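In what follows, a single structure is set out as structure tokens and then discussed.
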Amino acid sequence: MDQNMFEKGMKIRRATLGDAYVDKALTQVDDFTKDLQELVTTYCWGEIWGREGLPPKTRSMINLAMISALNRPHELALHVRGAINNGLSRDEIKEVLLQAGIYCGVPAMVDSFRIAREVLSQIDADK
Amino acid sequence: MDQNMFEKGMKIRRATLGDAYVDKALTQVDDFTKDLQELVTTYCWGEIWGREGLPPKTRSMINLAMISALNRPHELALHVRGAINNGLSRDEIKEVLLQAGIYCGVPAMVDSFRIAREVLSQIDADK
Amino acid sequence: MDQNMFEKGMKIRRATLGDAYVDKALTQVDDFTKDLQELVTTYCWGEIWGREGLPPKTRSMINLAMISALNRPHELALHVRGAINNGLSRDEIKEVLLQAGIYCGVPAMVDSFRIAREVLSQIDADK
Amino acid sequence: MDQNMFEKGMKIRRATLGDAYVDKALTQVDDFTKDLQELVTTYCWGEIWGREGLPPKTRSMINLAMISALNRPHELALHVRGAINNGLSRDEIKEVLLQAGIYCGVPAMVDSFRIAREVLSQIDADK
Amino acid sequence: MDQNMFEKGMKIRRATLGDAYVDKALTQVDDFTKDLQELVTTYCWGEIWGREGLPPKTRSMINLAMISALNRPHELALHVRGAINNGLSRDEIKEVLLQAGIYCGVPAMVDSFRIAREVLSQIDADK
Amino acid sequence: MDQNMFEKGMKIRRATLGDAYVDKALTQVDDFTKDLQELVTTYCWGEIWGREGLPPKTRSMINLAMISALNRPHELALHVRGAINNGLSRDEIKEVLLQAGIYCGVPAMVDSFRIAREVLSQIDADK
């Protein structure tokens, strides 16, 4: 494992998902999940999110659409929060999910809006 | 069917996919595909792509990632061409597909790069 | 948005999913979900369900199988209720899900039966 | 393997997919594919298609939508032919694919219409 | 239904998923789920798991990866328990899920580890 | 990029997919695909296949099932060849695909057998 890339990834992961989430994830690391944590931090957050070719805001937009297509509600909720942290407005989140809906179909559209709405309500409640 | 929305959609569809492709699609319209053509042009290209909330270049980026996730090679090829028409550089296409690959998995990453590369070679050959 | 098509869609949506569900959905409409609601009602319920080519009962059967394949449990639950409203017997729901299971695989089959069974139990409990 | 169920399945498979297709499949059976052929004929065509709960025409409609969702072009082509053999009109095939498109998304809709159109053209050419 | 194959399947199902789970499933059998239970026990557990070509431990490894790809959390949880019953160590489960993650993408990897970890914690708590 | 991990991955990739395939892939590397090649070799072949927790033969079995589930025919063909190189017999490939079929559904089962059969015939023809 490339330690520099791991640390680079950890910074971007924290900036996107928030310290609260990442701290909680790290305290839960055990023998079963240690390799997973290192791999995702290094390759996904370091090697990919760490590339200069696209700004974090654009990467967040791409993720919202793509994770809607992949049908992964837990990850979508995380990345709605990440999208807000990376500077998307609620209207921009809405635009991405409407476009995702037309390409992924009505059930995906309805599911993604429900999940996004819950996260946005939690963010409001936490203020 | 809302005629204004259909015409708005047709303009955006032509600007993105190119007149050559759309003209060919229209000459092939018959009883079996007429409703499909109207529906896709009006709802997908008019109602969604016609919204002002995101620029066409961003919509193209989202589509490349999302259609990689959806595993639809024909549509991906179309939208690689559309991405070029909407102003993405080849480096930006590469960035989107690398990000799609980490979230959709290695087989999706390899497939999407192969398809994109073929389309970019055809564009070069057509010059 | 075509107002006539929206209203046509709203009638069919209410007839299929029930007034209780639709009323609840409408009271929750806000800036974030308004466009979604209009799009789904007009495009899905008006333009597609509103076509004369297939009776609602057949459309419900198709949806049960297709939403099993798409792996969307929330939407499947809604459409089990819709299937009953559109005149499917429990035996017909069972037949559709068995066929879906053979084509979508054992995990889809088991998931869809569990979801359908819960909805049918709720319907019994609400009587 | 239940020999009666195998034979029951073979009859229904022939009636749906046509003798020409099934004869060709059977001549290609070898050690690698023999168990596959027996399993699919017995389990899918015998146990499921052989049930009395739904007429073959309805089963064909369900399959067109479901296989569109599953994104399996070879199988979709087979079942477009099967749908014609089981009495669906071209307009009914169109209705099913439009509904599938709204629930599975635009790329699925476009792909399924392209495949269905090719099969219908081949059927016309073979007359 | 082939009664011998059903009984053979039931034995393997019990050995893999555990008597507690299967007994509970059987007490819940009703008119709606009876055919499902028979079909899955006979074809999946009897015809496939009952084949001699692969040991149960290998079949469990394959299932963990495949059900991760299919995105079916309920079934994945069952088969994590089944994997332990069929002799996989926790390290082997980890290996399979890491490989699944690289081919199915980061959201699948994170989801599958979360589900597996919960099941393993329950197993520890039940001791 | 970790050079040692890249080289470790390249060795395993060559041992699994064969020198002919990898040499061809490497001669086609250009600006567009260079990062893809490095990422897949390092991350997938080095970090995952390079782990000691599972033998290559087991990893090949897992891949055949998982790539069937992911519906990626090009990658499946590659990994049928890889499975032979890693010591699977044709009977073992058949067992894996039958199990994949029961969990992924009939269209996946039929597609995967067709693809595997073509690759096995090519291997015979190349002898």
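Chains here go by letter, A, B, C, D, E and F, matching the order in which they are written, and residues are numbered from 1 within each.
Assume a contact is a pair of C-beta atoms (placed from the backbone, for glycine too) under 8 Å apart; a residue touches a chain by one contact, two chains touch by 3 or more.
What you see is a predicted model, and the numbers here were worked out from it, not measured in a lab.
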Contact-graph distance - origin subunit C, target subunit E: 1
Required minimum of steps from subunit D to subunit F, each step between chains that touch: 1
Candidate from D-E, E-F or D-F with the same interface as C-E, over half of contact pairs in common: D-F
Cα-superposition angle relating the copies subunit F and subunit E, to nearest 5°: 180
Length of the line joining the C-alpha centres of subunit B and subunit D, rounded to whole Å: 30
Approximate Å spacing (C-alpha centroids) for the pair subunit C, subunit F: 40
Touching two or more other chains - residue numbers and ranges from subunit A: 39, 43-44, 47, 67, 70-71, 94, 98, 102-108
Pairwise touch network: line, ring, star, complete, or other: complete
Residues on subunit F engaged by subunit E in the complex (per definition of touch): 43-44, 47-49, 51, 53-54, 58-59, 61-63, 65-70, 91-92, 94-96, 98-100, 102-104
Partner subunit A, residues of subunit F touching it in the complex: 1-2, 5, 39, 43, 47
Footprint of subunit B on subunit F - complex, ascending: 31-33, 35-36, 39-40, 44, 67, 70-72, 74-75
Residue ranges of subunit C touching subunit F (in the complex, touch as defined): 102-108
Subunit D partner contacts - residues on subunit F that touch it in the complex: 71, 90, 94, 97-98, 101, 105-111, 113-114, 116-117, 120
